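Below are structures written as structure tokens.
Below, chain A partners chain B and then partners chain C, in two separate complexes.
Coming up: the complex of A and B.
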């Protein structure tokens, strides 16, 4: 009965949801960015999650039932949005500017979803903590 | 020790085992809420609690010498992991987590009272 495994799983969830939130915030902040150190406009980033077995710690028959979560990759969007704006300093000869292909509404919903998932992880963490504390109380 | 710790203590500790393992499975479901292709899982009793209790005792090693210690009771065989759906439903999982948490606390509370009762008996006869 090791609660440390549950804590480990919860914290993997907290970390990935926070990363999702950061990526969504970065996408929102750079919605109009036309210059980057790599050249070209900012590319929209998407977090890809995958489940991962818990490293040791869980040595009973259900080893493959309990999974942590991790970030498999952060994928960059290939497409850019061409907007007609001849007065823009980064406009090409025809007056088109390459802008990031980001839909702010989608990014906002992504942020809400990440926030909710984060809250769920916090609740699970709290439940684990209360169970561990309750067990300690047993000897009193 | 049978005279001191009756059947109820055994049942309750098996129950605690089950709740603690189920908690891990539920936490894993919640954490993988946004993972594509993750199938939610659920921990269920293989048999009734009584049989689970018996299965636990079956696993004793043979002792050829009275000085040998008994083997630690086998763990995990009495419960079974099942796939509970196609996609994680957060409301279902949170409800199950809360229910499991409360049942765990209840089990601990019952065990505590059991021990407190024993303690009272031991103290008062002195």
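Coming up: the complex of A and C.
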């Protein structure tokens, strides 16, 4: 059925925006984390998105016109923030602690952006659904 | 008098064309097969939705939006089928009301 293409695209959008939200929440939660299993402080993570074609969807003539979205990679920030705190257990000989280079304000805006994009996908889904239901009312 | 003669056959065109059309119908899908396939597809959507809900509620393996989308797919396809069924019943009742 033709409206399923739009559903698939909305679904991919919802999944990726939710992943963005999870990554932002993880960055916010680990804003002061100085220890990780890999060693060193927590590294800030950034989601990279890419578009991909819809499997057997849309009009065949314009198949390449519509794209789904997917997570291409989750990139780790290389930099760490050195803070002077000699009383910290993880401080080095000079009294500096390596902390994640995370700006909580930026993470909050990222969270809001992800939430708004998610809402937009839900609205697109609802619009598609009401379109399909309107079609069924045709000729009544 | 010739003018009063009705030329051509009185039979509806479909009867004349029945030979080849009838044979053709055997090869193609007839209406009941199409309808049965459609109902089977819709049943599949319903089962998918049920499975998605079970996954969310029991194993927590699927995300909720996938379950909701599966539900919506099942809902819309079921409504579409109901619309077809209403039309068929309407046509049937129209025939039954016919004056003989």
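By definition in this document, the second predicted complex is superposed on the first by the 136 of 140 C-alpha atoms of A that agree within 3 Å, B and C clash if a C-alpha of one lies under 4 Å from a C-alpha of the other, contacts with A are read in each partner's own complex, and residues count from 1 in each chain.
We adopt the following convention: contacts are C-beta pairs under 8 Å (C-beta built on N, C-alpha and C of every residue); 3 or more make two chains touch, one makes a residue touch a chain.
If you're wondering where the values come from, they're calculated on a predicted model, not measured in any experiment.
Enquirer: Is this a clash or a fit when chain B and chain C both end up on chain A?
Expert: Fit - chain B and chain C, as placed by superposing on chain A, sit side by side.
Enquirer: Looking at the overlay, what does A:80 touch: chain B (first), chain C (second), both, or neither?
Expert: So A:80 meets neither chain B nor chain C here.
Enquirer: In the superposed model, which partner reaches more residues of chain A, chain B or chain C?
Expert: After superposition, B is the partner touching more of chain A.
Enquirer: Of the two partner chains, chain B (first) and chain C (second), which one does A:129 touch, if any: first, second, both, or neither?
Expert: Only chain C; A:129 stays clear of chain B.
Enquirer: Per the contact definition in the header, classify A:31: touching chain B only (first), chain C only (second), both, or neither.
Expert: After superposing on A, A:31 lies clear of both chain B and chain C.
Enquirer: Please work out whether A:120 is in contact with chain B alone, chain C alone, both, or neither, and reply first, second, both or neither.
Expert: Only chain B is touched by A:120; chain C is not.
Enquirer: Between the centres of chain B and chain C, viewed from chain A's Cα centre, what angle do you get? Round it to the nearest 10 degrees, please.
Expert: That angle rounds to 30 degrees.
Enquirer: Go through the superposed model and pick first if A:15 touches only chain B, second if only chain C, both, or neither.
Expert: second
Enquirer: Tell me which partner A:6 touches in the superposition: chain B (first), chain C (second), both or neither.
Expert: first
Enquirer: Thinking of the overlay built on chain A, is A:66 touched by chain B (first), by chain C (second), by both, or by neither?
Expert: The answer is first: A:66 touches chain B but not chain C.
Enquirer: Just how close are chain B and chain C at their nearest CA atoms in the overlay, in Å?
Expert: 5
Enquirer: Jot down the residues of chain A that show up as touching in both complexes, chain B in one and chain C in the other.
Expert: In chain A, positions 1, 3, 10 sit in both the chain B and chain C interfaces.
Enquirer: Okay, in this complex, where on chain A does chain B touch?
Expert: 1, 3, 5-6, 9-10, 12-13, 17, 20, 49-51, 58, 60-62, 65-69, 113, 116-117, 120-121, 123-124, 127-128, 130-131, 134-135, 137-140
Enquirer: Which positions of chain C touch chain A when the two form their complex?
Expert: 63, 65-66, 69, 72-73, 76-77, 79-80, 83
Enquirer: Taking the complex as given, what residues does chain A use to touch chain C?
Expert: Within the complex, chain A contacts chain C at residues 1, 3-4, 7, 10-11, 14-15, 18, 125, 129, 132-133, 136.
Enquirer: Could you please specify the touching residues of chain B with respect to chain A in the complex?
Expert: 16-17, 19-21, 23-28, 30-36, 38, 41, 43, 75-77, 79, 81, 90, 93-94, 97-98, 100-101, 104-105, 108-109, 111-112, 115
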